[in-house]
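Next up: some structures, all given as structure tokens.
What follows is chain A paired twice: with chain B in the first complex and chain C in the second.
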Partner chain A sequence: MLEILQDFWLQLLIGQYPKGPLGGLVMTLILAVCGLLASLPVAVLLAIARVSPYRWVARSAAVFVNCVRGMPLLMLIFWSYFVLPKLTGFSLSGFWTLLAALVIYESAYLSEVVRSGIEALPRGQIEASRSLGVGYWTTMRKVVLPQALFNVLPSMTSQFVSTIKETSLGYVISVNELTFAANQVNNMLLTKPLQVFGLLALIYFIVCFSMSRALRSLEWRVRRARAMV
Partner chain B sequence: MIELQQVNKWYGEHHVLKDVNLEVARGEVVVVCGPSGSGKSTLIRTINRLEAIGNGKILVDGDDVHAKSTNINRLRQKIGFVFQQFNLFPHMSVLDNVLYAPVNILKQPRAQATELARSLLERVGLADKVKAFPGSLSGGQQQRVAIARALALKPPVMLFDEPTSALDPEMVGEVLQVMKSLARDGMTMVCVTHEMGFARDVCDRVIFMDGGVILESATPEEFFSAPKTPRAQRFLADVIGH
Partner chain C sequence: MSFLTNAQLLSMLEGMLTTVQLFAICWVMAFTLAVLLVVIRTIDFAPCRWFVDTYVEFHRNVPLLVQVLFWYFGMPELLPEPVRMWLYAHNAEMSLAAIALSLGSAAYIAEDIRSGLRAIPATQFEASRALGSSFLQTMRFVIVPQAIRTSIPPLVSRALLLFKNTSVAMAIGVVELTYRAREIESETYRTYATFGAATIMYLLGSFLIMFVGSRLYKRYRINTGAGHA
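Moving on, here comes the complex of A and B:
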């Protein structure tokens, strides 16, 4: 395995770049980071909609979330890849197709996590802010969301980790990411699938594990600073 | 300053406030007491519309609290509210809790608002806790911060909903001390409390409620020496008798 890493580390890291398209681990990370950055705000908006006092807003958000949760991500990716160009008349690259599918999928799941955080917050917090004369949106922004998001950080971490791994599904629509690069390496070596895919598993594990560790230590540092432990 | 006219409220079939009439003059300190479930917390929460009412009318400083046309956020700025459970924002420092309303409502620059916030914290005896987080404070200290937070917009009216009921006994005094000093300074106050000592020494009038009805409204002297209704006599015997 070490030899494979020695010979192909650059390809696993950045794909064919700079001679060809950027790929490998760097592409996986770009996809994951963009996916997270885009899906978190969407998830927060969905969660706010789901706890909205206006029933039609809450109902529409619920319909969206339940529809998306009832679909496999792979199907969503195929659908964006094959159906969207037919419907809209213009075609997106694999990268944008995958990113769009990831954001739709992840924001639905994340919004449920965020909603649980909002609903778990004691009513007194909202009442305290409102009783001072502060409006609904400022209360949301300054009191509810900072606490709700922080309180559900452990569940959000799981969702973030899932997103990193789900970028590997880009393989089926030929997005040049880490799994794609590993498969290319495997095709070149032909006789060492066990080692190549073992290496792939290890890289995913390291990335995901570091991510959950980092978020956990962040959580504890904030808790200590706020005298919450 | 505060006026309740024929206020009724129901929780489903349960009639929690029955034809409540009450008038509180500017600078008056009123204590509302009564057995649990008598509707006193509900009553005080209707005064700043944390609870809706069924019918009737509530006026604060001439504004109809429950009218649809009333800008409730603007009106609430004139009514400080202190909760039984303090409800400080745990993710903000003590100073930021007090700054919360001036910065977010009056859009005051932090530096300018900080001066007032510090003087309020000094007033409640917590000048040295400016940077602390609520999680590191005792219940009594948290409640005093909550009072400072409620005072930050300089409201002419303060409402207290059982401000000492969640405190350990040795911390009750420090909170009552702050409330006493507010009363001395002429603040209009309505306090739901079981602290009969505070009622006797500080307030101008005692309201006794049971079953959603105001049974007595009297000066503390009258109320404590000669309660008129048997229900109030029994209540006082239970509260003071042991």
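Moving on, here comes the complex of A and C:
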């Protein structure tokens, strides 16, 4: 295992970067960060729609969220792989295809997180703000969202870890990320699949485990800040 | 947009059948294993606790696809030659995917059961023992019935995730719904019809699980006296 790491660490880290496309662990992390950042605004809008006083807005947002939650991510990836080029007329790279699927999938899950944050706020907050003459959107922007988003920070960060894991599905449509790079290494060596895939699992474990541990301290800080209010 | 022929639709239904089979097998295996893990965790011997904690953390921090690839490409290497030959002659993809999926889900289910158990005050256990019930009787009539009830919502969402995650098995060539959809798409180029049909089948399965889950939840909800819904 150590030999493989010694020989191929650069490829597992950045793919064929200087000579070819960027890939490997760095690409996995870029995908996860972009996926989460891009899905956050969509998720917030969806969450606002779900608590909307207009029933049809709330209903349609709920239908969208439940449909995405009922579909495998792999199915969404294939949808964006085959349908996006047809719709837009461009041939998209694997990166954008996977990113599009991730954003749709993550925004549905993240919107549930944000919604739970909004619903956990005491009704009095909204009522007080509205009765002081503040408009609906200003109330959302200045009163509800800042508190709700801060309170669900821990769940959002654990969503980040699961996004890292989900990017591995890009392997199926040959996106240049960590799993894909490991598979290339495996094809080069041919005789050591146990070591290569064991190493791959270990790399993911180290990245995700240390990240979720680091985020746990964040969770503790949020809890403390909430308790002081 | 053109529609699918009966033969193609039938072949997709066969794929769906495999998906459902894989889901059912994995759910039973994962649940059994999870109960076992929870029991091992309660043994008052540190290595037992370390083992279960490592098991859970490992499976929660490694992408499912990587686990499946590891089992499919790596693990057979460790088996003796005759066993490996036998396995490859008898649908190795399916059994190895089932093992990988079950082991992965078991980690999550074990955590769900454990937090269900932790939600029950220790005084209940003590009271039951003080009244002369044996350990097993206490478990059977007092602790487990309550723990199962509080664990129903997380267990249902876990079942839903497992159902969707079976699609990952297509990466190693298990002929399930996603695999079939992909196959028919590449033969006919009827992108919308094939993926539309596959999506509808997945959604029907998912909505069924969600529906059964909400029924179970209502039926077995513990009446705490708070609210009369």
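In this text, the second predicted complex is superposed on the first by the 216 of 229 C-alpha atoms of A that agree within 3 Å, B and C clash if a C-alpha of one lies under 4 Å from a C-alpha of the other, contacts with A are read in each partner's own complex, and residues count from 1 in each chain.
One rule holds for everything that comes next: a residue touches a chain if its C-beta (ideal position, glycine included) is under 8 Å from a C-beta of that chain, and two chains touch if they have at least 3 such contacts.
Small disclaimer: the values here were computed from a predicted structure and weren't measured.
S.K.: Since both structures carry chain A, what do chain B and chain C do when superposed there: clash or fit?
M.R.: In the arrangement built by aligning on chain A, the partners chain C and chain B fit side by side.
S.K.: If you stack the two complexes on chain A, which partner ends up touching A:Pro193: first (chain B), second (chain C), both, or neither?
M.R.: Second partner only, chain C.
S.K.: If you count the residues of chain A that each partner touches, which comes out higher, chain B or chain C?
M.R.: After superposing on chain A, more of chain A is contacted by C.
S.K.: Hey, in the superposed model, what angle do you get at chain A between chain B and chain C, Cα centres, nearest 10 degrees?
M.R.: Approximately 100 degrees at the chain A centre.
S.K.: If we overlay the two complexes on their shared chain A, which of chain B and chain C does A:Ser116 touch? Say first, second, both or neither.
M.R.: The answer is neither, since A:Ser116 touches no partner chain.
S.K.: Which holds for A:Ser60: it touches chain B only (first), chain C only (second), both, or neither?
M.R.: neither
S.K.: Which partner does A:Met71 contact after superposing on A: first (chain B), second (chain C), both, neither?
M.R.: second
S.K.: Thinking of the overlay built on chain A, is A:Cys208 touched by chain B (first), by chain C (second), by both, or by neither?
M.R.: second
S.K.: Touch check for A:Gln16: first (chain B), second (chain C), both, or neither?
M.R.: After superposing on A, A:Gln16 lies clear of both chain B and chain C.
S.K.: Determine, under the contact definition given at the top, whether A:Ser131 touches first (chain B), second (chain C), both, or neither.
M.R.: The answer is first: A:Ser131 touches chain B but not chain C.
S.K.: Given the touch rule stated above, what does A:Phe150 touch, chain B (first), chain C (second), both, or neither?
M.R.: first
S.K.: Aligned on chain A, what is the least Cα gap between chain B and chain C? Give it in whole Å.
M.R.: Nearest C-alpha pair, chain B versus chain C: 17 Å apart.
S.K.: Going by the contact rule set out above, which residues of chain C touch chain A in the complex?
M.R.: Per the stated touch rule, the residues are 57-58, 61-67, 69-70, 73-75, 77-78, 160, 164-168, 170-171, 178, 181-182, 185, 191-192, 195, 198-199, 202-203, 205-207, 210.
S.K.: What does chain A use to touch chain C in their complex?
M.R.: The contact residues of chain A facing chain C are 66-67, 69-75, 78-79, 82-83, 86, 161, 164-166, 168-169, 171-172, 179, 183, 186, 193-198, 200-201, 204-205, 208-209, 212.
S.K.: Mind listing the chain A positions that touch chain B in their complex?
M.R.: Result: residues 122, 124-125, 127-135, 138, 142-143, 146-147, 150, 225-228 of chain A touch chain B.
S.K.: Flag every residue of chain B that touches chain A in the complex, lowest number first.
M.R.: Going through chain B, the ones touching chain A are 48, 50, 73-77, 79, 81, 83, 85, 87-91, 100-101, 104-105, 132-136, 146, 149-150, 152-153.
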